[in-house]
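The two complexes that follow have chain A in common; it is paired with chain B in the first and with chain C in the second.
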Partner chain A sequence: MEALFYIFAFIAIFSALMVISMKNPLTSALYLVLCFFALAGFYVLLDMQFLAVMQILVYAGAIMVLVVLVIMLLNISRLNAVKTDFHQKIIGIVIAVVLFAEIVIYTVGGKTKKPTGIFTHAVINKIGNTQVIGQFLFTKYTLSFEIASILLFVAIIGAYLFAKKKL
Partner chain B sequence: MNNYLIVAGIIFCIGALGVLMRKNLIIVFMSLELMFNAANLGFVAVSNRLNLISGDVFVIFVMVVAAAEAAVALGIIVAFYREKGTVDMDKANELKN
Partner chain C sequence: MHNIMPAIYGLNSLEKSMISIIPEAVIILFAFIVLFLTFFEKIAKGKNSYYLSLIGIAFSILYVVMLSGKNLTGFYGSVVFNGYDVFLFIAILLSGFLTVLVSKDYIENFDVPYPEYYSIILFGISAMMFLVSSNNLIMVFISLEFMSICAYILTGYIRGNTRSTEAALKYLILGTFASAFLIFGSVFIYAAVGHLNLNSIHTYLENISYVKHGSASILNGMGEYLTIGLLLFTVGLAFKMSLFPFHAWTPDAYDGAPTPITSFMATGIKVAAFAIFLRIYLLIYNFNVINFNDILWILAVLSMTFGNIAAILSSNIKRLLAYSSIAQAGYILVGIIGGGFYGYSGTLFYLFAYIFMTAGAFAVVIIFENSDIVSLDVKKYSGVGYKYPFISAAMAFFMLSLAGIPVTGGFMGKFYVFSAAVKSGYYWLVFIALLNSAFAAYYYIKIIVKMYMPDKEDSSVSCIAAEGKNYGIVNGNISEGIMLAIIICLFFTLIMGVYPQLFINFANYSAASLCKI
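Moving on to the complex of A and B:
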């Protein structure tokens, strides 16, 4: 388990770095798919197989296909690649390092709460993780579920409006 | 759990770096997806540590929002490209003067 964690962590961080450093957007998109697969591996290690499957189906499948389709549609060649300013790079690195330092300070220095829930590893495996998530989704979080459906509906209309010939 | 949170933090910072550093709209969008995923990993790790399910349910809602955001953002990128003929973010400067 420990070894798997470090393998997935290495793949995820390496491919995330590749996503932001590649010149060609298509290469970035493929590295992003690799990163999503590594994150799905993390979800399996954390006893959430359902989320791992959703990660691969929704992110690595649907969303990335949409991104690759748009890259293909726009036909961005290497010749008109977008350049990055030097000062922009410096500012970005400084902000990212400060942000990371804050995250490490709060993660390592903070106190961890005692486990409060009842859904331990054994309980989740007994009921099945899909059932547990479904149970919560359709009882405690029904309102959020309905609002999510409205959000998707609005997104369909928004995407249609942007895709029209004249804005 | 701390290891997972630190990995999530690293991926989040890489995503933030991509958003701040790159000017290609598509790569900025993909960096945003990286940040979403880092947050998801944090939710699942904490939820696993505290024996809760709420974090895992929340990840599903984050995925819904990310899917909606992807559809609209890619529509905007296509419209932008049609208007300007490029995906350079610096060309979106109508409000500057």
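Moving on to the complex of A and C:
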């Protein structure tokens, strides 16, 4: 298991670096797909199979198709000479340092904690992730679920209003 | 089947849950009805959507009044409905009511569909109400996002207007960023305490601090997670409250949005964000994982000072009111820092007063904007005081209230909030706040002076409405919707200044049911 973790971690970091360093946007997009797959691997290692499948379906599937389509429509073949300001670099470095410090603080300061509650690994492995999520969505979190549906509906109306030329 | 869920979702439980969200459900129902008007071309053109939305809000207020005094929990503790919600629901619904009232004439100036506009306003109101009543970190996030999406759409509603679209884009990008902070914060809080329900988190923290007897170094090793979570959460909410370092979107979004929507953002969204912040503050922040009052102290002082300085320098009236709303957010925060029962009830009182003075000021701006008499430039207001005595007097009154001159609601609110802070020993904070409000009086009174004492060279400004463009003022009469809005605002601002006891009792009742937990 630990070996798998390191393999996935290597793939994720490598592909993330390639995303930002490639000059061709299409290549970057394809590396992003690889990065999403590596993240899905992490989810499987953490016993979250449902989330892994969702990650591949939604991110690596639907969203990446959108990204590639937009790249195709805009017909960007190559980004030449990206301007980088001096203060942009400084902000980037500061944010990177802060995030790295955060990671160090968590790993040093935080202690390992066993999952609490009734859903231990054994229970989840017995009945399956999907069923647990389904039960929660339709009992404890029904209202959040319903509001999310109205939210998406309103967002669709908004997209329609902005995109349509003549109403 | 492996049935792990201990409680079966019985019919009885569903009924009880539904009652606790009836006011929101009514608003959503009316939003859908208004939206369906678009199917019928003839009906969609007229005033039907306007009247229907007013009726919907009135119905919702009726349900809130009918349910007041009840103490309800619904959907496994996702939402609560008690005295706190009654107060804030009425505040939010009135803010929505005023927005719809002032919208009709404004929106008819543009070639945009009406029913969608009103229905999104209604959706936005329901989202704010859900946000206020939510008692669960997931609900907080989803309803905050719902509210924001309605605001983004409404900000960019005037298609073809580059300023409006630019404002919507800026608001969308920065707002999404803030939401990311908020959800990141909730994840850390969940990681630290293992609960999503606010009351459960409260009980968990209470037990731990009871066992350990100390405020610092609680939560064996989980304190870091909780601290970082709460800090990120504060950033997410401070964005919606437009406190100083997170205010960058405010002037542009307020300036570019249609003016009724600016009023809606300045009143409704701000009240909802403050309400949920107050609830979470009381339930989680109060445990002093680190001293949050110090952080809020800095935020309040910076917001007040920055807002006032920027407002003095701006000449566009919408930008001026935007900066003034940043400063007002600072004053409201003083009440939360002051804390205690007195401070919370003062905060609620000030929020209520703030709605009416801000909405009233924006209503007057809308009248002048509609009638094309004066543009948004403050200089153009010179001399309108004699042409339009009533609305100018109303504007003067709202400005005095915002400045905190006695006999107005704004004064009582400030008095209440500042005295709460003094009681808790925040002398420096109150000193800075008083200095700031004296400073702020300059630009509020500058507008009044402009209206009643025109400069010599400016007096030639044509005060005659352009032919065929008399949307707001028809034959010297202002259309009844805006007039009604101004009268409501005047009435409440005056009553809260002259006879505040009524509202203080209401705020006390509301704060009491918040503190009871």
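Basically, the second predicted complex is superposed on the first by the 148 of 167 C-alpha atoms of A that agree within 3 Å, B and C clash if a C-alpha of one lies under 4 Å from a C-alpha of the other, contacts with A are read in each partner's own complex, and residues count from 1 in each chain.
One rule holds for everything that comes next: contacts are C-beta pairs under 8 Å (C-beta built on N, C-alpha and C of every residue); 3 or more make two chains touch, one makes a residue touch a chain.
Being a predicted model, the structure only gives us computed values, none of them experimental.
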- Item | chain A as common anchor, with chain B and chain C clashing or fitting | fit
- Scan A:K83 for contacts with chain B and chain C and give back first, second, both or neither. first
- Query: Any idea whether chain B or chain C touches more of chain A?
  - Reply: B
- Should A:A155 be classified as contacting the first partner (chain B), the second (chain C), both, or neither? both
- Message: By the touch definition at the top of the document, which applies to A:I127: first (chain B), second (chain C), both, or neither?
- Response: second
- Message: Applying the document's definition of touch, where does A:T107 land relative to chain B and chain C: first, second, both, or neither?
- Response: first
- Message: Taking the superposition on A as described, I'd like to know which of chain B and chain C A:S144 touches: first, second, both or neither.
- Response: both
- Query: If you stack the two complexes on chain A, which partner ends up touching A:A163: first (chain B), second (chain C), both, or neither?
  - Reply: first
- Query: Which partner does A:A9 contact after superposing on A: first (chain B), second (chain C), both, neither?
  - Reply: first
- In whole Å, how close do chain B and chain C get at the C-alpha level once superposed? 6
- For chain A, which residues lie in the overlap of the chain B contacts and the chain C contacts? 113, 116-119, 132, 141, 144, 148, 151, 154-155, 158, 161-162, 167
- Query: For chain A, which residues are in contact with chain C within the complex?
  - Reply: 102, 105-106, 109-111, 113, 116-119, 123, 126-127, 131-132, 135, 138-144, 147-148, 150-151, 154-155, 157-158, 161-162, 167
- Task: Please name which positions on chain B make contact with chain A in the complex.
- Result: 1-7, 9-18, 20-24, 26-27, 29-31, 33-34, 37, 40-41, 44-45, 48-54, 56-57, 59-61, 63-72, 74-79, 81, 86-89
- Which residues, counting only chain C, touch chain A once they are in their complex? 2, 4-5, 7, 9, 17, 21, 28, 35, 74-76, 78-79, 112-113, 116, 119-120, 123, 127, 130, 136, 138-139, 142-143, 145-146, 149-150, 152-153, 156-157, 159, 194, 220-222, 224-225, 228
- Query: Along chain A, where are the residues that touch chain B in the complex?
  - Reply: 5, 9, 12-13, 16-17, 19-20, 22, 25, 28-29, 32, 35-36, 39, 42-43, 46-48, 51, 54-55, 58-59, 62-63, 66-67, 70-71, 73-74, 76, 80-85, 88-89, 91-93, 95-97, 99-100, 103-104, 107-108, 112-113, 115-120, 129, 132-133, 136-137, 141, 144, 148, 151-152, 154-156, 158-159, 161-163, 167
